[in-house]
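We call the chains A, B and C, going by the order they appear; numbering starts again at 1 in every chain.
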Amino acid sequence: MKTVRHASRARIAAMGLATSGALLLAGCGAANETAAPPASGAGGEAAASVSGTISGAGASSQQAAMEAWIAGFTAVSPDATINYDPSGSGAGRDQFTGGGVAFAGSDAALDEEELPLAQERCGGPDGVIELPVYISPIAVIYKLDGVAELNLAPATVAGIFNRQITTWNDPAIAADNPGVTLPATPITPVNRSDESGTTENFTEYLVAAAGPAWPHEADGAWPVQGGEAAQGTSGVVGAVGGGQGTIGYADASQAKGLGVAKIKVGSEFVAPTAEAAAAVVAASPRLEGRGANNFAIELARDTTEAGNYPIVLVSYAIACATYPDQATADLVKGFLGYVISEDGQQAAAGAAGSAPITAEQRAEYEPAVEAISASS
Amino acid sequence: MSIETDKTTPQHDVDVATPLESRIARKGQLPRWGTAAALAGAAVIIGGALAATGAFSIGLFVFLTVVLFAVGLYAISRAVEGGRKAADRVVTIVVTSAFLLALIPLISVVWTVLSNGVARFDAEFFSSSMRGVVGEGGGGYHAIMGTLIITALAAAMSIPVGLLTAVYLVEYGVGTRLARSITFFVDVMTGIPSIVAGLFAYALFALFAGPGVRLGFAGAVALSVLMIPVVVRATEEMLKIVPNELREAAFALGVPKWRTILKVVIPTSIAGIASGITLAIARVIGETAPLLIAVGITTGLNFNPFDGRQATLPVFAYYSYAAPGVPRDPYVDRAWTAALVLIVIVMVLNLAARLIARLFAPKNR
Amino acid sequence: MSTDTSPGPAPAKAPAPPSTRPVVQPGDRIFAGSATGAGILILVVLAGVAAFLLIEAAPAFVAPAADIPGGNGIVAYIWPLVFGTLLAAVIALLIATPLAVCVALFITHFAPRRIAQPLGYLIDLLAAVPSIVYGLWGVAVLAPASVELMTWLQDYLGWIPLFAGPVSATGRTMLVVGVTLAVMILPIITAVSREVFLQTPKLHEEAALALGATRWEMIKMAVLPFGRSGIISGAMLGLGRALGETMAVAIILSVSGAVTFNLISSGNPSTIAANIALQFPESTGIEVNTLIASGLVLFLITLAVNSLARFIINRRREFSGAN
């Protein structure tokens, strides 16, 4: 058979083996893990050093913020390991109620079926802690050369995404954008192809604010068929950026390089800024009857308050008030304490572009986190 | 296994690469430069025609040139050399251009990964994990280790099982009901969607360790489910084409069957088997979906596949791409570099497999 | 695992004629036993997977239609996915198989020996490119590049329903997915075909050439008949990967649940595997059962396809030249 040029190929193979050997022998610890932890950075409530490992799972929207929180927290408590698995909100809630993870991240509060399960796991009606820790404005992003600024009323947004408004020079769009020359380019709306908290929050907003222009229900899966769809925030941003006359919705922090529409709230047009997003969350009432430590909110989607941006994604940290063992309780307490601290919220704002929670909210949440303890 | 000795022969020594056509052709022959001249002529004609109509585009130019080249050469060759040689020439053109066509996307893929991945292909990537890293910096050392460990475990489970199963199918079980059902179910197994394998492994381990379990080993089991059928099929195919005369010769010399298999059958086909196993490893090392479910992700280094989450390169790349932070670029760069490292690892494995095959293959020349 | 050397079941009766019956030793029993054990282990694992799928999928089959996502029952939910899966895989296979056979032939019989080996190596390597990379490549490179071609197809071949349009602005269409899957499975089919072509008995090839056959006639008479089962086997491996491909399809395809043969618009049916990946993370309860039920359907599709392939191979066995 093919036995020509043994030697040369054996040499190549030997080189390959050497390379792989070098790779394996490169060292047994990662360089950044053996180094002494930086002493600077996060302080606050988390200063008490704790050790051990806890895992959380849930919303991928929180992933970037969670990385920042974990990095900040483990800088203070170098013996602690926090894992976060961005496997999705539903998976996170499932694993939390099933006892698989110590805490969960979720783009939606526990529903009426899950709440009793979670209360059972955490031992009591007041046992479940739900904190809205990650607030991210959802921007309506578009790509349309020659149009740098765009104002949209809620009904217009609904009309575009429901494929009723099909060209950019439609009178409905023109009415809100005096002085802007809109081309006759067809509109290509881009939606998420995966079921997501972003879609759920966006459709919730349309249901609440757009009235009859949006005939569909709020859902994590996109209800309108036949449009352009892309996976994940990255996919939507890529698809909007890759086309012309495209429009989509995505985390405002990922909208770099694309046009961002201002949304009509009351009588003015509001851009998706962190302040405007935090304002609407601060103005939203708490959901009743879910336990003393549960801070799930009913978002005021139809707000007409000036300076509020109502298309926000609120993602919760879900944890228990009591854990069976002390180490886990200390870790969760320390970690969540850091997450809601000013340092933690600023770290998330820097890494993920989220809106920090207000001081009033922090004061409200702190007692619940402080009370986390071991049950025995 | 029916024996048709007239169909199979031992490997032979004559070099067939020597063009025999020169001795066959009696009628007339195109000169050696004829092919090149025809190609150049076709290119000039098409290029001129396209330039004249003003509709010049590279893709169209190449396509039409090749078509004209094939048709033209066929016509000329048919006139000069006869129909059979003309058909041979056309097939040569078709096969060659199909090969070149296939290379375009493959090269494009490699080039895309290379050009995007080289930015972070640095020492830091190979020595750092993502623990405590936000934004720029950090690396994929933890993911490299996780991928190597999990894939090695999967291979350690799959290769013996797959190899032995293939041996059973070809050498022992031919015609039995068990062999028929194994063949059938191995086919079925190739059809398990990778994500279902991940769900299965997760459900299996959740039975023992409770919900929410994430283990490198669970990922290895999921990968094994995907890998075993590939190993079996590739090996089976290779064992089947070992000429029966070799087996019969060994038996006739009184060699027991198991030694015949180990010393004659497997070495004869070792190159193909190694290639098949490399393919199987390649098939699973880049799997994202099952590891996403069964192994999860972690930012730190974990050498123990039986305790907790491990990072793996595909999952690391996927999350870096799908859920990046702000700014986005360092995350996407790391995703491409992780993909590049994955390809390099497979390349090294591939070379190793070839070296092994070379060392064990019978010297028959 | 199964490499333990405990004596398993007795070796199956060798069907070979008595003249070639080998000597039987204890080593033989051990070897045969572990080989049989490995085969049985595969059946056990598969039974486990099947049991898992059936148990997890069962609630979706008995649930009232309104509870299934979409509200129209399980058949209405899965049918577009089945259609999309088959469509994408068939496109991929139609493109990849002829190309792969040509590439394998080129490497084994046309290319100068000096470059044939590196080429074979290159192809093997490409089989190893992780699927997520093909996904990223498809979105970043192929999709934008193919918009022009798809516009051309619509303009000139729009009367074929496949190219009815309107053309997607981003190029993330079923056609691009099919091509990406084809690129993905091409190295697999090539690698298998190449190995089989290389194993063609040299005597057959030489005999053909000695009788005055041209290279093409030699390939037609000796190589292709010998390699047929290998080609089909490789194609099935490729088809298996195309049917089950998850991440690449999930990243590239613009899905909207429509059942259409239109390959170049932005409304495409999803595939089963991609749909599981897209919907699973945010799914709970009956939605998960529904997704696993769709996984079961994919499983059955592959089963049917593979059975068909086996049937074809077995029917043609007399030409395969193997044993």
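Here is the rule we go by: a residue touches a chain if its C-beta (ideal position, glycine included) is under 8 Å from a C-beta of that chain, and two chains touch if they have at least 3 such contacts.
Bear in mind that the values here come from a model prediction, so they are computed numbers and not experimental data.
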Between A-C and A-B, which chain pair shares more contacting C-beta pairs? A-B
Of all the other chains, whose mean CA position lies farthest from chain C? A
Return the distance between the CA-based centres of chain B and chain C, expressed in whole Å. 13
Between chain A and chain B, what distance separates the C-alpha centroids? Give it in angstrom. 38
Chain A residues touching 2+ other chains are 1-2, 9, 60, 87, 94, 231, 235
Which parts of chain C, given as residue numbers and ranges, touch two or more other chains? 113, 140, 198, 277, 280
For chain B, residues contacting two or more additional chains: 11, 271, 293, 321, 347, 350, 354
Can you tell me which positions in chain C touch chain A when the two form their complex? 69, 113, 117, 139-140, 143-144, 168-172, 198, 250-251, 253-258, 266-267, 270, 277-285, 287
Residues of chain A defined as touching chain B within the complex: 1-3, 6, 9-10, 12-17, 19-20, 23-24, 26-33, 37, 53, 55, 57, 60-61, 63-64, 67-68, 70-71, 74-75, 81, 83, 85-87, 94-95, 98-101, 231-235, 253-254, 256, 347, 350-353
Spell out the residues on chain B that touch chain A in their complex, using ranges where they run on. 11, 124, 126-135, 138-139, 141-142, 144, 148, 210-214, 271, 292-293, 296-301, 303, 308-309, 319, 321-328, 345, 347-352, 354-355, 358, 361, 363-365
Would you mind writing out the residues of chain C in touch with chain B in their complex? 1-3, 11-12, 14-17, 20-25, 27-28, 30-32, 34-43, 45-46, 48-49, 52-53, 56, 98-100, 102-103, 105-107, 110-111, 113, 121-134, 136-137, 140-142, 149, 179, 183, 186-188, 190-192, 195-196, 198-199, 201-206, 209-210, 212-217, 219, 229-230, 233, 236-237, 240-241, 243-244, 246-247, 272-273, 276-277, 280, 292, 295, 298-299, 301-303, 305-307, 309-310, 321-323
Contacting residues of chain A [partner chain C, same complex]: 1-2, 4-5, 9, 60, 87-91, 93-94, 113-114, 188, 190, 193-197, 220-221, 225-231, 235, 238-239, 242-246
